[in-house]
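Letters A, B, C, D, E and F mark the chains as written, and numbering starts fresh at 1 in each.
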């Protein structure tokens, strides 16, 4: 059976921490689908098209990594793309508590999908997408927080 | 003095975890008032009428358990209904930190009301009302997360 | 059915935090047995006799509170004394994680015994028996940390 | 070099916990600037003018403490006012996790600004501005939670 | 490159939680080496021979799972057996904090070894080897906490 | 009044994390006394003489930093050396919970001594003295974890 993992998130925008987790997981899987969840009730800072392009550019040379979008339940998307694993990065204890809840409820909903965790590297642990947005909103320089492929034109501000 | 506890919350909707905590607390009290807090600034997923009906149906055979709604401060409602205890379930360490703050501020506001905690059973610990709403919003099957009395017509979606 | 709770611990020595939790729980139960666990593998700072006397003196005027010693499993002691509740105080999130594990394993071992938690008052939250022993060991004055009934002669040092 | 710290926040409203942290930090610094961050996307309960007056009245007799407002990144404001320290109070472990992320990202953005923490006193640890607003919104008496200089006319309700 | 993981621990004794984590990880790896660390400074409750036999019996029908013992640094053992992954189960937030430190220091010592985490199932989360020993020491029945292959003769007591 | 801080610990051995915290605190104080606590009940890995020499060598060019040893209560030592501040580094949320208890009990014992916290840098956060000793005990290379002044001859092993 092919080992397929999804790496779900909003990626608003993708951070250096996300990139590090995905890259380290590549040897474990046959395919990793970076899966951009679309929630119509949520306001995103960056348009979906850009968020998707940035991720595709980051992993342009990684044939095992693809990008898809989905709406609906994460476990339903797993079944649709035949993924048996959900890959997540853990930054903090608060992250862990939150991820644990999600993972356990996912298991109640659909058997056979396992959530697997890697640690965010210590130097990237403070970086979350929401903190990147906060810095960006106030005119700060986010280049140390995101991969170089995240290119933001002035009209995004 | 009659031992009256309130079990406050939004119950949007009531979960299996709530039910388990209330049932295990019944022997300790003369009356447990499941108290639905109404906050006009908040958007609820399910109408108050339904949330109330579901709880009443769950505890239809438990004469010690009643349901009331309230607005305003929880401690003021306690005084109104002569409750000397606030009953809460604890799921996670994050829950605990949050509940501790509320409980201590309640004590600063009104002396003589004690908050009492039971643990959510391990198999129900991942279930919160907000995670139930998330599953429901995306069309997932919530029947493993809520008591069978929570019946949702398609028009709720 | 009589509502009997045990409040288990080493009480080496009893602290102001312990006293506050027990006193606030008295109205909820018909009897609270302060239960000194004896573990032959553990070194205690104060002799069992003293630890017991101190607790008895603290609750001399509380007819519902008694003191017993036990060895073996806490849940076995509960069955022996017909206690259906274990009462515990919660000071910190770390406390909570620890108590949750114990409580859940107790439930796996013996059904029908419920663990009930009260919060330690904020001003007593930093006080643990082990910190009291640390202060005492270095010659500090522990009178602000323990009830006045804890009287320590110089020969204890 | 003059030792200047900023104490950033929304102060909606200032609490007894804030006041205690600032007062205990005064001996360490030559100047402490209580810095009210203005975020146009956020809704505040109390008008900026009041929040500022309250703080100024609290520290009317402390010549080292001044009040300023700022928008934009906190580290940019530090550079503008020549502050080399950010002062923060820590109430809970959740606070700590959050503050740690902010502090580390601030360091990535601007070198040479150090975040320094004092503990909130145990009796004030449960008090946050958001819990004060919650109590106020429901008509509770907040006088035990804020300094006496916080005077709220009925038209604020 | 063969994907080899070690699952290090004392296994004093192996618990149902350990078994569940290992079994769920089997599809991800070509080989999982359950690695019993030997620390001459530590006192174990059960002899190494038994701890090893129990694990071998549990996984008798899993050709991918083997058992080895090691002393010295875990990362050095990884290199010796060509393992590029360390597999760990996460039960609680406290677990997470501890594992995070170990994993990050391992990375400082030896590059190229990744620690991968699975969650302990909620119903097994309260079970640690130390709590099993505690129950056993006091004469409790540990059969609900460990796999059936853990057979303890009375002379172990 | 001279601003004197102590930085208490066992320093068995001093780590890169300790050094970073002390160096960043130097501008805040007139004097920082690295204070090696001596506890006769504790077994240290490295002899006091070495632990002291290492620290003195690290700070040989920092005239504000001195090294002293003490036994007894930390707050009593503060009074003896006229220190009004205790400086501590915070690595994790567990650290924070522990330090909070100590700091609050110190305040109960002696008024007027304030504990001040700096964050350990993210890249040093996983390093504790106990993890250094663990690596050393198993023959690992600790040079990435401690300052270069920590020189260990083979006879320490």
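What to note about this one:
Basically, a residue touches a chain if its C-beta (ideal position, glycine included) is under 8 Å from a C-beta of that chain, and two chains touch if they have at least 3 such contacts.
Here the structure is a predicted model, which is why all the values come from computation and not from measurement.
If you take chain A and chain E together, the chains in touch with both are B, F. Equivalent interface to E-F within the set B-C, A-E or B-D: B-D (over half of contact pairs identical by residue number). Of all chains, the one whose Cα centroid sits at the greatest distance from that of chain D is E. Same-residue interface: chain B and chain C share over half of the residue numbers found at their contact.
With centres defined as mean CA coordinates, chain D is found 34 Å away from chain A. One simple way to say how far apart two chains are is to compare their mean CA positions; for chain B and chain F this gives 47 Å.
For this pair, chain B with chain E, the centres built from the Cα atoms lie 39 Å apart. Residue positions 92-94, 97, 100, 103-104, 122, 125-126 of chain C are each in touch with at least two other chains.
The chain pairs satisfying the stated touch condition come to A-B, A-D, A-E, A-F, B-C, B-D, B-E, C-D, C-E, C-F, D-F, E-F. Interface residues of chain C, counted against chain B in their complex, comprise 1, 3, 24, 27-28, 84-85, 90, 93, 96-97, 100, 103-104, 107, 114-119, 121-122. Chain C makes touch with chain D in their complex at residues 92-93, 122-123, 125-126. In the complex of the two chains, the chain D residues touching chain B come out as 92-94, 125-128, 131, 135, 137-141, 144-145. By the touch rule above, chain A contacts chain B in their complex via residues 41, 71-73, 75-76, 93-94, 97, 100-105, 108-109.
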